[in-house]
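Two complexes follow with chain A in common, the first pairing it with chain B and the second with chain C.
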Partner chain A sequence: MAEPATLTGAPAPAQRPRPGAQRGAGGALRAYRALLGAQARSQTAYRTSFVVDLVGNVGATAFDVVTVVVLYGVTRELGGFTLRETLVIVGLSAFAFAAADLLVGNIERLSGYVRTGLFDAVLVRPLAALPQLLLMDLPVRKVSRVAFGLAVLLAALASARIEWTPARVALAVVAPLAGIVFFGAVFVLTATVSFYWIDSGQLANSVTYGGRDFTSYPVTIYGGWFRALFAYGLGFAFVSYHPALALLGRADPLGLPGWVGWAAPGVAGVAAAVAALAWRVGIRHYRSTGS
Partner chain B sequence: MGSLTATVAPPTGSNVTPSFRTFGAIAVAGFRRHATYRQATLAGLVTNTVFGFLRYYVFLAAAGTAGQVAGYDRAQLATYVWVGQGLLAVIAIWGWTELADRIRTGEIAADLLRPVHPVTSYLAADLGRAGFAALCRLMPPVLVGVLLFEVYLPRRAATLPLAVLSVLLALVVCFGCRYLVNATAYWLQDVRGPMTLWMLAGNVLGGLYFPLSFLPGGLEALLRYGTPFPSLLQIPLDVLVEREPLPAQLGLVAVQAGWAVALLACCRLVQRRAERRLVVQGG
Partner chain C sequence: MSVIELSDLRKEFTVRVKTGRLRRQKRTVRAVDGIDLRVERGEMLGYIGPNGAGKSTTLKMLTGVLMPSAGRATVCGLRPVADRTRLALRIGVVFGQRSQLWWDLPLRDTFALLRHIYRVPAAEHAARLARCRGLLDLDGFLDTPVRQLSLGQRMRGELTAALLHGPEVLFLDEPTIGLDVVSKQAVRGFLAELGRAGDTTLVLTTHDLADIERLCERLVVIDHGRVVHDGSIAALHRRYGSRRMVVAELDAALPAPPALPGAPLHRLEADGRRLVFALESASVAEVVAGLAGLATLRDISIVEPDIEEVVARLYRTPADG
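Here is the complex of A and B:
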């Protein structure tokens, strides 16, 4: 496997005793690049399997969009929103989730690394643990999903008859990026649970993949405490719903003021900070499973 | 080579009772094995429940103010979603790679030496697993649905036994599909590609993302009779919410039975072809 090769080969430059801040950073960067390169090579080694995987990964996101279209085949509106409006929400959610899943998503394998003890190997290397984990297993095949998500987002923005202002153009760029940061934070946050509860794998799915499904529809369709919990307790309303309202120039049927849509980057920042903190606490708490 | 005697002549016919007993023993072992994964069971339950909420609200929104969509009313949609979330675990639509793993590692050789046909023994183990899932994975989401929402309870006396039969057939159909997907490992070694395609087809065409009757009529019929996927979730759930009159329901279950038999036969055929070319490394 690619793993041992990068272990012995790449990080050497960073290991030199204090080679000056600049060279240290350069060495670390080279090491990360070597990790990434080894991953890309090993994953594309089996051509057929890789191509099938590329196609299959588009399929997963494509069917999320198809589901929305099918639902609009039997109803004219969902929660007071038309298909064109909902597609903006779907586009924001699909692109942000796919990109976050590509960049950070494989952190969900952390529980496996903790159980098998591989995480010990990660910790003894002279590189930060989190970037190593992300690059160790970067799922190159998921690139196709990101491209598809972006295409849906662009098509939805083009067809939604948005009155473009400079501020809205800025939001259309910033909101997806904030969504990526937010979903990334959710991935890291839920993965830290496995420091405490090793068999928690599926539990994280309910918030990560659940969050993706939740953000694919206007939050008006959900009821009562479930909406309160996911939309505002966990903050998922700021990924796609409120930015979409601001882009479309619609008032929130639930009564929140219009500026909330512009708060997405702030919420993403808070989520990232919480995730970073939880990660640090989690690593401190980590005890090797032994063996 | 003359090395294909592994599953050729299991002594059948004269000893039906012992083979029933073997089948039962394997099933019980399957039950007990899965009963040991308690944390994973709890985590899976929470996830099924969260997705139950998500799907229920989406379907409810599709029903809109009329409260009716594609022949389902609100209560029927609630039953469809919450029983469906439980059935996912009973038929184990996701993540069974045991056979593929054993083929890749060569451990399958041990299975081939046993006097029970591999399709039979894996089916028995799967029935045991499903028995555990029916107790611990099906009941909780159904309870959540019953306690928090207005669900549809069957009104005809024949529905409940028919639904149980339909779930059993769905389990066999699902097992057959999973076995075939796993068996591609005999040829491909790496089953990630086929597995991805199966998950997509099973989820979408099985009726998990939306009831297939949301689709245009011709397409729905084509899927229902032309593919095994609606037999996984859509048909048992439709039987349970009594979407159609009794004769039509019997027809649906007959379709399931047809697929179950066809898929099991296909599994045995594939297994025989695979054994003919299987080379197990090592000694």
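Here is the complex of A and C:
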């Protein structure tokens, strides 16, 4: 190409930006929506693989549910819970995890973003880093999993012979949302480790996916220190087990009081706050890579 | 107030070095070791140094990517990390090895997206894009997905992407790295135009000193995280005694080396038939006239000082800045 021509009379490229022009929440929201749109277009650019992924993704979640059903083929009760009761736990866990995985799960690629320099590119844009990363890489194909998880949850709630009260209806709505927030916080929290230690993926996976499997069963089937750590140390009991007890109107075989089931939103809030703090601190420790 | 102000800016990294099978030792690396710098509006600053000198680290601290370990930095009166998103609206960044573009989308879509991200009014955006399309010759590949672009095309896209919101300061980290000669010239020409408008402050790191000679009046050289030179290219030559040379080819060697006022003899080559004079206070004409009285001249050539050589020397000699 030729050397550019001189530009007398052309508008200056660098007019002073006018601070305040289209600033504020509305502007940022439009920006995030545009990011999401771009992501959807990028993914559907490979149409066949998108459809294959859409179908394949249901498989993974369906497998988790089938495992539970198969287990009940050999035993009538698991940790003191029947199949119908356990399915409420499974549904809560599957839906919350699938939705959190869709919305926040790709943050586990953070170490990759750090390595490739995408994270630097994100930091020089006038938007918060975390939402940008999530929207730029939102795995739209995982929508099918969320739909499947929701179907399992609704079917389980319908067949569990719950005595519905207004409070329980509210809990049936709030508990899955709290579960999404909780799993989302776990995703973010484990991903921030890669600000300090780039090859931390396996450790992160053992907590997030370990947590998902843990929440698919009544905590009574686990023993000793393992249960104490995952259920109450890390808080996974509040995703599905305790809300399910409250919905079913069952006392906790382990002896915790009934109100614990209603504490899920509070626990999720605390987890989100811790994750947000860790993220902020992590960004300050971010070291970037190479040139 | 200067557009960019750094005072005693530092960045330290701790690295763990393996010293035994299990033992590791912590070592502190000072990537940036106390840099003071002021850049005024409209300046074009070349920021150079050998690999690992701390160029990119400085740029990352100025753009809010990295948190300084100590010292102060302000850009457009803002603190880069604390006011990161506000600062981002007022600066443009091109990292030669980091893309701002959407890999699977055509450039046109990336540009539209950036308009939303930077909240630029449509008319302003369109005017700037039209200008870049003309200057950088983008029209041939605006609708090609970025992943299919050549490096030169991509870099022209990156430049456009960094300018669409009308930044006050443009940071360029190795903008010509890996480009072919034609693309390099296109990029340089474009940046020169930008500089001529006088509105945008430009900070450029590069390995290619031709970029600097073409674009920057001011040159900051850093080594081991410190500033070892800050001034014009001419000042650099003066300081390190690199001068223009006059090379004279004679028919026959002179019996004695000639003494010309203001142009000491630098070297004798080809058995005394080629003489190299360093130009100090004398002009080329004076040297030629002086020689013509002494011998028959076959050829005269003038050699400009080689900036690469000067800078290479700078890296080797420990300087106190």
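As a working rule, the second predicted complex is superposed on the first by the 268 of 291 C-alpha atoms of A that agree within 3 Å, B and C clash if a C-alpha of one lies under 4 Å from a C-alpha of the other, contacts with A are read in each partner's own complex, and residues count from 1 in each chain.
Rule of thumb we're sticking to: a residue touches a chain if its C-beta (ideal position, glycine included) is under 8 Å from a C-beta of that chain, and two chains touch if they have at least 3 such contacts.
Computed from a predicted structure; not experimentally measured.
By the touch criterion defined above, A:Arg125 reaches chain C but does not reach chain B.
In the superposition on chain A, contact is made by A:Ala38 with chain C only, not with chain B. Looking at the shared chain after the overlay, A:Arg280 reaches neither chain B nor chain C. Of the two partner chains, chain B is the only one that A:Val66 touches; chain C does not reach it.
Of the two partner chains, chain B is the only one touched by A:Tyr222; chain C is not. Chain A uses no single residue to touch chain B in one structure and chain C in the other. Residues of chain A that touch chain C in their complex: 1-7, 10-17, 19, 21-23, 27, 30-31, 33-35, 37-38, 41-42, 45, 117-118, 120-121, 123-128, 284-288, 290-291. Only residues 37, 39-40, 43-44, 46-47, 49-51, 53-54, 57-58, 60-64, 69-70, 188, 190, 192-194, 196-197, 200, 203-204, 209-210, 214-216 of chain B touch chain A when the two sit together in their complex.
Residue ranges on chain C touching chain A, taken from their complex, read 13, 55-56, 60, 63-67, 81, 84-86, 88-91, 93, 95, 97-100, 102-105, 109-110, 112-113, 116-121, 124, 127-128, 131-132, 134-137, 145, 163, 165-168, 173-174, 182-183, 185-186, 189-190, 193-194, 197, 199-200. Looking at the complex, you find that chain A touches chain B at residues 46, 48-49, 52-53, 56-57, 59-60, 63, 66-67, 70-71, 73-79, 197-203, 205-207, 210, 213-214, 217, 221-223, 226.
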